[in-house]
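Below are structures written as C-alpha cells.
Both of the next two complexes hold chain A, though its partner changes from chain B to chain C.
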Partner chain A sequence: MSLRMKFLSMIACVALFAVLPTQADESAKLATIMEAALDIMYQDAYKDYTSVQRQDAVRAIVEDKYDLEVLIRRAMARNWSLLTADEQMQVHNLIDQLIVKSFVEGMAGQGRPIVDCGAVIEVTSKRIEVPVVISFPSGKTFNVLYRLGLLKTGWQIYDIVAEDISMVSNYRQQFDDHFREENGARLIEKLEKLLKKEVLDVSTIIL
Partner chain B sequence: MNNRKIEFMVGCFVLIGFGAVLYLAIQVGSARFFGSDSYELEARFRSTSGVNAGSRVEIAGVRVGTVRSIILDDDFYSIVTLELPNGLTLDDDTIISVKTAGLIGDRYLSVSPGGSGFPLEPGDMVVDTESALDIESLISRFALGGIDGGEE
Partner chain C sequence: MYQRSYYKRLFLQYCAYGLTLCVSLSTGLAEDDYLTEEQLYGDFAEEPTLVPDPLESVNRLTFKFNDFIYMNVVKHIAKGYQQVTPDPVERGASNFFKNLGYPVRLVGNLLQARIKGAWLETERFAVNTTLGVVGVLPAANRFERLQPLQSEDMGQAFGAWGIGEGPYLVLPLLGPSNMRDLFGLVGDRAVNPLKDSYSVIGDSNVQTAFSATEFAVKSPTVMRIYSQMKTGAVDPYSSMKNGYSQKRRSMIEE
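Take a look at the complex of A and B:
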C-alpha cells in the first residue's frame, strides 16, 4: 500500500470514528447533562429564576441531547397504540413536563448532590448501561442505572433503574392498569391534574 | 389350533401392555415427536436469589412458562433460560422481574410484555430485567445508614 493510500485510509478511519457515537463517550455525555441541569438549580446565575423558568431551562438541556419520547413510549408499551395521534402528542408533552417539574421541585431546598457516573457496561452491541451514584450532602446515596439503546438518533435513554426498581416497569404497570378500565382522554385528564399540583415529587406521581 | 389362538391373544395383550407403558412414559416425560410446542428465551439478571429451575413464569398472574435452568456467566450475571409456549410472542422491550408471591412466598418471574413491534426470536436474551428486592440490605441501609455515615 502506497504512503498516500495509507494516509487516506487513516483519514477515513478518523472521520468514521468521529461520526459514529462511541459507547465510552456516553458516560461523560450523561455526566455533562446532569451537571448542566444541576447548575440551573444551584448556580448563582440562575438564582432569580422562577420554578417554571428552571423547568424550561432544564428541559432545553435534556432535550438537546436525549429524546424523552423513547422513555415514554417504552413505559406506555402497547398502550401507546391505543391513543390517537393527537392524544399521543398530548401525553408526550404532559409526561415530559411532569418529569422535568418533579426534578426541579424535588431538588428545591436540597444541597447540590455529587454525581458520579461510572464506566459504560456493554450489554449488547446496541444496549449499554451507565451506573451512576448520586450522593446528597445529607448523606443519602442513591444507585441509579441508566439504560441506553442505540437508535437512529444515537444513544437514547430508554429506562432508569433506581435501587433496582425500573422506572419503565413501574409506570408500565400503572398504564396497563389504567387502560384496562379507562381510555386515553381520561389519562390526559389525570396527567393534567397531576401537573397542576403545587408541589410535585417523583414519589407522588401515581396515576 | 386352540393353543395358537391363546398364544395370539397373549401376544396382543403384551403388545397393548407395551403400548400403554410407552404412552404413559411419553405423557409423564412431556416428550414431543413432531417438534416442540415451546421455545426458549434467556434473561440476564443481577441476582435471581430464590428462583430455581422449575420456578413459575407469569404474565398478569397467569402461569405461562417455566424456568428451565439458571447459570452464572463470566461477568457474574445470572442467566436464566425460560421455556415459553409457541403461541406467546413477546416484543424486544419486554421486561422480566423477579417477584415474591406474598411477603415470604416463592420467588417467580413476572413478564411485562412490551409493544415495540419487534418480536423476540427463540434463544434471544432479555436484558431489561429487575432483580429481586433485597429486603435485608434495604433494612440495613435504613437502620445503619450509608457507608458515608450521614444522617438518614
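Take a look at the complex of A and C:
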C-alpha cells in the first residue's frame, strides 16, 4: 500500500511539473527550434527545396512552439487598434511571412552557424531572457537576446534583441512613422509589395 | 468483506489524490502568474522609440541618395574587394585599420575618465603594433588581460556627459547620425593623425589612396550592417533611424 502511494505521489508530481511551464527548459527548447530551422537551411535532405518551401518548413517549426502574434502585436503597439479585425489578421499573416522570409533569404549563401544558447536569466517570475551567441564560420559572432514572457499558452517570445537592437522597438518605430501619415490598408499594400520583392542582393557578401 | 473495504479505501485515496492534484494545478496556474494584456502590450513608455527627427524630409532625401550610392557603388566595391582578397588578407587589413583607430578610442576613454580603459587600449595598441606586425595580427587577443573593449568615441563621451542626441541626421555618404554624434565625428577626425585636416600624411595622393583603401576594407562591414537594417523593413529609413539610435544609446549606457 505504501509503495502504491509512493507511486501515486510520483505520478502526481510528474503531472504537476509537466503542466507547469518551467523556465530552465526554455533555453533547450529555443536551441532545439533554432537547430531544426537551420537543418532546413543546411541539411542535404532539404537541398532541393525552393526558398518558399524552406520558408514554409521553417514557419511550421517555429509556429509549432511559439506564437508570433505576441511579437507582432507588441511591434504594432498602439497602432494595432487602428486596424480592423480583417486588417489585423492580414497584417499578422504578412509580417509572419516577412520575418521568416528575411531569415531564410538572409541565411542563403552563408555557412551554417554554431548556435550557443546560454542559461536562462530570470528577470521576474513572468519574464525571462535567453542569451544566444551565433558564430559564423567566417569568425563573425552575433549576440542575440531572446525575451520571453509567461502567457497562458506557455513561454512566448515577446522580443528579440540582436546586437543591442530590439526587433520590437525597431518595427514599432517603422509602424509609428507609417501611421502618422498613412493607414492600415496602405500598410498591407507595402507588406505585400515587400514580400513579392526580391530580397536585397547582398547575400553574396559573406558575414 | 475485507476486500471491499480495501477497494473502498483505495478509491477514496485516489479521489483525495486527484483533488490535491487539481488544487495544486489550479494554484500553480493562477491568473496572476501570467503576463496580462496590459503588461504585454501596454509598455509603450518602457521602450521609447521616438527619435527626434525635425529634419525628416531632408533626411529622407539624403537617405535615398545614400541608398543609391550604397546599392550601385559601395555594394560592388565590397563584393569586388571580397572576391579578390583572400580571407586572411581581408582580416589582416581590417585589423590594421582598427589598430589605427587607437587615438580616437583613447580620447573617447579619457573624456569619460575611463583611465583603465585608456590604459588597456594603449597596451593593446603597443602589443598589436609590435608583436602583431603594425596591427595586421590581433596579437593582444592572445592575452587574457588584453581582450578588446567596446569601442569608444567622442560622440559616446558627449552622451556619457549627459549631452542630448539632438535631431536625427542622415549625413551624405556617411549615413545615420545625430547632432551630438556629428560634433563627435568632427572631434574624432581632429584627434586622428591619419585623417584630414590634421593628417600626418603630407602627400595628398598618398592621403587619397589611404582613405580609398580604408573605405574598401570597411565596405563589406558597412554593407552587412546596411543590409541587415534594410532587409525585411517596412520603412528602411525608419528602421535605420531606430537601429542607429538604439545602438548608440546602448553603447553610451555601457
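Here, the second predicted complex is superposed on the first by the 188 of 207 C-alpha atoms of A that agree within 3 Å, B and C clash if a C-alpha of one lies under 4 Å from a C-alpha of the other, contacts with A are read in each partner's own complex, and residues count from 1 in each chain.
Keep in mind that, in the parts below, a residue touches a chain if its C-beta (ideal position, glycine included) is under 8 Å from a C-beta of that chain, and two chains touch if they have at least 3 such contacts.
The shown structure was predicted, so the numbers you read here are calculated from the model rather than taken from an experiment.
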item: Superposed partners chain B and chain C on chain A - clash or fit; value: clash
item: Chain B versus chain C as contact partner of A:Y171, first or second or both or neither; value: second
item: Touching partner for A:S125 - first (chain B), second (chain C), both, neither; value: second
item: Partner chain in contact with A:L151 - chain B first, chain C second, else both or neither; value: second
item: Touching partner for A:G139 - first (chain B), second (chain C), both, neither; value: both
item: Touched partner set for A:A77, first chain B, second chain C, both or neither; value: both
item: First (chain B), second (chain C), both or neither touched by A:E105; value: second
item: Residues of chain A touched, compared between chain B and chain C (which is higher); value: C
item: Which superposed partner A:L191 touches (first chain B, second chain C, both, neither); value: second
item: Clash-bearing segment of chain C, relative to chain B, as chosen among 26-34, 116-124 or 242-250; value: 242-250
item: On chain A, positions contacted by chain B and by chain C; value: 74, 77-78, 80, 127, 138-139, 158, 164-166, 168-169, 172-173, 176
item: Partner chain B, residues of chain A touching it in the complex; value: 74, 76-81, 123-124, 127, 135, 137-141, 147, 158-159, 161, 164-166, 168-169, 172-173, 176
item: Residue ranges of chain A in contact with chain C within the complex; value: 4-5, 8, 12, 15-16, 19-20, 70, 73-74, 77-78, 80, 98-99, 101-102, 105-106, 125-127, 138-139, 149-152, 158, 163-166, 168-178, 187, 190-191, 194, 199-202, 204-207
item: Touch list for chain C against partner chain A, complex; value: 10, 13-14, 17, 20-21, 24-25, 28-29, 33-35, 39-41, 44, 47, 49-51, 75, 78-79, 82, 87, 91, 220, 223-224, 226-228, 230-235, 237-239, 241-243, 246-247, 250-251
item: Residue numbers on chain B that touch chain A, as the complex places them; value: 44, 46, 91, 93, 95, 97, 112-116, 125, 127-128, 130-131, 133-134, 145-152
